[in-house]
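Note that the chains are named A, B, C and D in the order they appear, and that numbering of residues resets to 1 at the start of each chain.
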Amino acid sequence: MAEWLSLAEAIAAHVRDGDTVAMEGFTHLIPFAAGHEIIRQKRRNLALIRMTPDLIYDQLIGAGCARKLTFSWGGNPGVGSLHRFRDAVEHDWPAPLELEERSHSDLANAYVAGASNLPFAVLRGYSGSDLPRVNERIRSVTCPFTGEVLAATPAVRPDVTVIHAQKADEKGNVLLWGVLGVQKEAVLAAQRAIVTVEERVRTLDAPPNACVLPSWTVTAVCEVPRGATPSYAHGYYERDNAFYRAWDGISRERERFRAWTEEHIVHTRDFNEYLRVQNDPGIQVAYR
Amino acid sequence: MAEWLSLAEAIAAHVRDGDTVAMEGFTHLIPFAAGHEIIRQKRRNLALIRMTPDLIYDQLIGAGCARKLTFSWGGNPGVGSLHRFRDAVEHDWPAPLELEERSHSDLANAYVAGASNLPFAVLRGYSGSDLPRVNERIRSVTCPFTGEVLAATPAVRPDVTVIHAQKADEKGNVLLWGVLGVQKEAVLAAQRAIVTVEERVRTLDAPPNACVLPSWTVTAVCEVPRGATPSYAHGYYERDNAFYRAWDGISRERERFRAWTEEHIVHTRDFNEYLRVQNDPGIQVAYR
Amino acid sequence: MSAAYTTDEMMTVAAARMLRNGAVCFVGIGLPSTAANLARLTHAPDAVLVYESGAIGAKPGVLPLSIGDGQLAETADTVVSTPEIFRYWLQGGRIDVGFLGAAQLDRFANLNTTVIGPYGKPKVRLPGAGGAPEISSSAKEVLIVVKQSKRTFVERLDFVTSAGFLTGGDARERARLPGKGPVAVITDLCILRPHVTTRELEVTSIHPGVDRGTIAGHTAWEVRFAESCDATAPPSAQELQVLRDLQARTAAAHGATDGAAAESA
Amino acid sequence: MSAAYTTDEMMTVAAARMLRNGAVCFVGIGLPSTAANLARLTHAPDAVLVYESGAIGAKPGVLPLSIGDGQLAETADTVVSTPEIFRYWLQGGRIDVGFLGAAQLDRFANLNTTVIGPYGKPKVRLPGAGGAPEISSSAKEVLIVVKQSKRTFVERLDFVTSAGFLTGGDARERARLPGKGPVAVITDLCILRPHVTTRELEVTSIHPGVDRGTIAGHTAWEVRFAESCDATAPPSAQELQVLRDLQARTAAAHGATDGAAAESA
């Protein structure tokens, strides 16, 4: 059964130095508040997994939390490069970053294998690509019926998965909708799962086949309104496209990135204070 | 794009003698009207696939439409045996029936492989079971990462899949909800798909992550109200449990089964006339 | 104090008691569903019932006649597809307890739901495997509910549909099945549990009014009795009342005879 | 008659024209999304846009800035999970046309979106594969939209992220890739198509105001011209107006510069 905790408590209890951590959300519902809290609590040597690293991992990598990144597309969507990611890969700053690089189809299948308690997944992929030459964990398997050779990829089994969702009820049952990404699989593939939500509600009132994660599949649930901004939460707020563009400037140089991170993350108490410093339009009046 | 047809037209055009046919619906939304029409049109030598054969395949087998059955559980749920299925297996009546027997988990995975255009699926299954000894198409595959040996099952790729759903819009986009079974996978695994629906509507008004089959994945769509009875259609009508129990008596002896089938299926023009003969409580006043 | 009760009621109550509160339970139709719902309505209100039709957290007010009744979907926390239920939930290792029935079982709790007689020319063609082979391997624990008779408790299965402890001893571990396997067989006469090393089933609790001779007379192998063999507590008045109320509501809703149970896994 | 237009507009219009009505199109962000939506708003109202975020049949009123914008979900026929979109829809063989961009491509339309320089110590670390390797193999046809320059149209890729025709000839068929591969590369200068036997790209249509020397000067290999090399029709007034209206609506909605395009696959 999920335990309702503050985000600080949840990260303190369930994300440990050296852990393999998946933070998912495919452009939608990216758990930025949780990412900030990991930086704030100075976790180190994390093996990060995420299909689209996005700004959330640019921040974690630049802040020195990561030793490894498993990913399939590392850019600032609609804008350009992830400068902290590139700086780590191209210049080992602030530390070398081991890459385990895959395709979207591969990583999506690898999460499915993890959720299904299988050691590997089979896909029709990578034909003619150089990726299997630089990642020895992309292998092949032969169909025992047709003799066809297909790509094989090891299952993803994170120590902890962190996602953001729209709602959870008192018991900790979680509901998300809209662009679902790979969140359900990432939670079910993990040993532990932390879910931040926009609202804590009495009942979910979910449609019959909605994406619901029962309380007993979740370790901790935390109420963090606007916890996905600058990503968006369908039905709650829009994507902060201006911030995605601004990030290009904030992150381009090491010093400006460091100053921004100190002011906005390290020296803020929590995500609500971040929203205040950031002058986020959604900050509740109560916190001003 | 799906074409709106009468059920008789759809079966005439898209179900051929000798076809591999999957009619799915896991206790819910079983396409009985379509099954009757296949009997009425006297299709022969069908290779039937279905996780839970149920009354619909008992009828098709007893009527002599089938040469083969791929299945995982063949009973009358909550009642007992499928007598026509048993008579075919135990006494070759009305014809020998080749069995390809699997487990639920296997067949569900095999449909997923079919929908995914993979030649086989991998599952953790059958350990210690005799089923692989009697079905040489249950094989094994070795994980290229861990060396673990897992079960492998060939993909299901029907010539035609037939399902029943709640609604379709003018364009032929199909919506189903409630117990979803393996219908989406069965449609996507097939060369052709026929969908009967409770209602033709202007717009589906589906929730964002509902189970929708876009029109371009469906070959023919047919409006057949109550087309799943004696199974049920969530939101429309309940399961006719009395008929499931009555079937035990109707189907137990060959002669009574034959007489029933003649009167109710062969000599009725369509499913509406069947409902009238059957004195179904849902038969529209207009047809009386 | 308890009212008079039938042996079926004793069996159902004994099975229900096995389910601990909060357990996630994969339920088949018939006796398992009755027992799991009785548990939910008595000592285990937070038991999570998962039906192979995809209903997770179903809380039906009456017993379903089929594994996919509408009420299961309506009362569930969520309803997922059949592939998902077998892939992410059962194979994924999320099921604490799987309930199974069988047409035949042997002393190592291996189960047959496929055929009586040879596979190619069966005397009786049974429904088949359903979900049982993977429930018996992937659920963390398995409970078997079945009426006891020499036809059912056989010396040798005609067909092994689902693995219990295979040939006994550590055979199951050697076959690397993920779950622990059967922890109890609950019958209308007694409760049997696997011996800690041999894994042969032995009687650990005898229902009221039943004697050892009756149990031996309903078992085709020479059944063993545990050293400390208990007497099963009779159904309490509350257990009986909740069970009978549930069956009365079910009969009113379905027009079903309460004993209607299929061997669906 | 058409108004003055930019080379980017010519490229987008030429790409849009390639999409036939009713085609099911797997779309990445940036130029592919612009072109596909322009097609939908002009000659191909029944084109089905599938975004890798899971939105099937999206009909956005403005261009999405990211692959998973809320409007894609709101206007879609259905939104499925990321695993499903790659498994059932792309790998399942349901995509008629995949649109791709690239940082580098070679004469056989192989694509690089991974690194410039050596993989282990790159000069420029690009975003990576995304969906491209499987789009390029599983979509029935692939359209590539990319600005032409010697930095982009290279003699030899630093890294092959996604297969075009590999080493040319029947190499792609021999590698048993399911889809036909690239059918056209649309640039700001011209349209190139693979030669029927060698599969080397050759210029088949030259945009207005561009000459062969300019194209050769923007290609690092010795580019070939088809025997019957056409002149691309300039954007029509209607095409331009629909495109500009779309971009104006997008700018108003996002405050985005219209050229903002990532190399997301």
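The rule is short, and it goes like this: a contact is a pair of C-beta atoms (placed from the backbone, for glycine too) under 8 Å apart; a residue touches a chain by one contact, two chains touch by 3 or more.
This one's a predicted model, so the numbers in the text were calculated from it and none came from an experiment.
Computed centre separation for the pair chain A/chain B is 40 angstrom, with centres defined by C-alpha atoms. If you average the CA atoms of chain A and of chain D, the two centres end up 28 Å from each other.
Within chain A, residues 112, 117-118, 123-124, 148, 178, 180, 184-185, 208-211, 234 each touch two or more of the remaining chains.
Among the residues of chain C, those touching two or more other chains are numbered 73, 79-80, 87, 91, 138, 178. Under the stated contact rule, the graph of chain-to-chain touches falls outside the line, ring, star and complete shapes.
Every pair of chains in contact is given here: A-B, A-C, A-D, B-C, B-D. By the touch criterion given at the top, residues 1, 112, 115-118, 173, 184-185, 188, 206, 208-212, 214, 216-217 of chain B touch chain D in their complex.
Note for the complex: chain D touches chain B at residues 22, 24, 48, 56-57, 73-74, 76-80, 87-88, 91-94, 138, 178. Of all the residues in chain D, the ones that touch chain A in their complex are 29-30, 52-55, 64-70, 72-73, 79-83, 85-87, 90-91, 110, 114, 119-120, 122-125, 127-134, 137-138, 159-163, 166, 172, 175-178, 254-256, 260-265. Touching chain B in their complex are the following residues of chain A: 117-120, 122-124, 137, 139-146, 148, 150, 152, 154, 177-178, 180, 207-211, 234. Against chain D, the residues of chain A that register as touching in their complex are 26-28, 51-52, 71-82, 85-86, 89-90, 101-105, 108-109, 111-112, 123-131, 134, 148, 178-182, 184-185, 211, 232, 234, 238-239, 241-242, 244-245.
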